[in-house]
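The first chain written gets the first letter, and so on, giving A, B and C; residue counts start at 1 in each chain.
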């Protein structure tokens, strides 16, 4: 078999093997059931929860908050990135800020946001936004930087007006990097919102996990934890696969 | 130098296709760089003109100026009786050294790109694109993406994309620079074929003296920076020529003459960097 | 020399302008939201400087720094070792890399209850929080650093007949260092984040706890002051590491 196939199979085997091992250790009570419940129980618990309304309310709240944060951060990130790219002086001033951006532990601002906006979804959207926008700005700057000069020259030789040139040449050329920005913005929005809900919130999936923890309700807690992790993996994985598919025609076979 | 001529080259029109007078380009910055000129040039309509010169002499700058991609610091450029100053005029096509094919479009969409943006109607687009695809030998690759093609094929796509717009002056900046020698020779023949069929004026920038000697009606030899024409050599080849011309003794003479002019300039260029 | 100097000056000016802008926005928010929600820059600065003189503050700060120190040490050692192993064992590295990259994109906060249940409500949980955040970038950067070792280096060392130890110390280590340092820098920030979030959620000690306690007790002044101290520390530390990082890349 090809090396790539061997790698993928090994990876799947390791992950499945790990889950099976966990299942056995939990069932044999090698792992204390008060600490961790077997994966199979997590699944059945989750299945039962889908029957009640509560989890759907949580899902709706979390996902709508994430969606809002995502849309805002992608739009603002792209606009800011394009603007900064066009103003070299501003760019030079902002570059060190962008380089250090993710070293600032933004979560410490979360209580401040609650103080400002109250215990609702606004602080969550803001946290997600602040986390995600910088990634989109950086990706946009990257993408615009990497438009080969010859592309810009070609657009001018073909006598495209500036708007046309951006739409038909610059953006498609930068698209792979913009898509990376999108991926990151979604991941960071999701992380920001879930973490915020977890720490201090009135609703949503993160809140429910924290609540279940405080309530010693392992069944609910692990079901939700598994659900959130699976959603995160599937969501990001889907975007990744889509990205691979799109880039296949652009890269040498 | 003796030249065997089957047919005299095109007689230059009364008005040159493009006329450069005192063209100078200085790049301002922390240090200002006098890149080019002042130089004069008359391009006759339908002629094949090559520019050779040492690296850094300003050949690409010259092409950018003629194409209207940048404006001269001093001097005038007239194309088809209209001045060119930083705006790309109608009727000019360009092929660059780097691959400019759009990786997100198929070969066919790449070629049709310029026509679609110009608002030409669909039937006419289809007709012209099909013709150029056949002409450039791309029939088997119309649905392929540039990433799947070799460097030579991608340059063919770029040439096709330029041709389909029927430019009257075609500028080429070392278009075959990235290709191996055999492919270069074949592409040279294709360029000649294209030149004859379209009747366009061609300005080819190349560092390969044999290429310039083989393909052109005239060859301009540029000095080291700031580039000026030291000499312009007329080859006197027949219009119906191809790479077989390497066998002609006159070819060797032309190439020798080019090198003897360039040798000292090239040493200057290296000296300027190294010494 | 004068040009380098004026470049530095203009960069410092830009940095000052950014700080001034941030302060202006802060002051604006204060005017808008009022004393109950947020304190002005001046008040916060004043309170912060008096806070750092109290011993109760340092009890909490030391708790955070201790947890952070342990977590960072573990992240670096574990991360570098794993990164080297996965880098040199190409197959294992290729299997593991996408999984590690995926770990970046999941909300690690969802694993906190599990960590708390394993480690209990003490320092070790905080350290674990820090490690799960910080170890991943160190592994990934080290892995990539090894993968990107130019094969020419190995061939050169053979031609020069260097011993294994000499090859490692004189060729491979310098080759790997720059990216490794970048990984440590990113790991530093993420470890700090992990420890702070851990304190915000499940602790009675530490700067993260002080912040969350501030909002729970409506002690806005305290909350703002501690946030300011933490952010300034984070930016300063990262600035130093960044300078070091750049030095390593140039050498």
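The definition used in the following text is that a residue touches a chain if its C-beta (ideal position, glycine included) is under 8 Å from a C-beta of that chain, and two chains touch if they have at least 3 such contacts.
Small disclaimer: the values here were computed from a predicted structure and weren't measured.
S.K.: So which chain is farthest from subunit C, going by the mean of the CA atoms in each chain?
M.R.: In terms of C-alpha centroids, the chain at the greatest distance from subunit C is B.
S.K.: Give the identifier of the chain nearest to the protein's overall CA centre, each chain being represented by its own CA mean.
M.R.: Of the chains present, the most centrally placed is A.
S.K.: Whole-Å distance, subunit A centre to subunit B centre, using C-alpha means?
M.R.: The mean C-alpha positions of subunit A and subunit B differ by 49 Å.
S.K.: If you average the Cα atoms of subunit B and of subunit C to get two centres, how far apart are those centres in Å?
M.R.: Chain centroid spacing, subunit B to subunit C, equals 54 Å.
S.K.: So how far apart, in whole Å, are subunit A and subunit C when each is placed at the average of its C-alpha atoms?
M.R.: Averaging C-alpha atoms per chain gives centres 20 Å apart.
S.K.: For a test of understanding, state which residues of subunit A touch subunit C in their complex under the given definition.
M.R.: Going through subunit A, the ones touching subunit C are 6-7, 10-11, 14-15, 34-36, 89, 92-94, 96-97, 99-100, 102-105, 107-112, 114-116, 187, 190-191, 194-195, 198-200, 206, 209-210, 212-213, 221, 225, 228-229, 232-233, 236-237.
S.K.: Give the list of subunit A residues in touch with subunit B in this complex.
M.R.: 148-151, 153-154, 156-160, 164, 168-169, 172-173, 175, 249-253
S.K.: Mind pulling up the subunit B residues that touch subunit A in the complex?
M.R.: 67, 69, 88, 90, 92-94, 96, 98-100, 102-104, 113-114, 117, 145, 147-148, 165
S.K.: Sort out for me which residues of subunit C touch subunit A in the complex.
M.R.: Within the complex, subunit C touches subunit A at residues 10-11, 14-15, 17-18, 29, 33, 36-38, 91, 94-96, 98-99, 102, 104-114, 116-118, 185-186, 188-189, 192-193, 196-197, 200-201, 208, 211-212, 214-215, 220, 223-224, 226-227, 230-231, 234-235, 237-239, 242.
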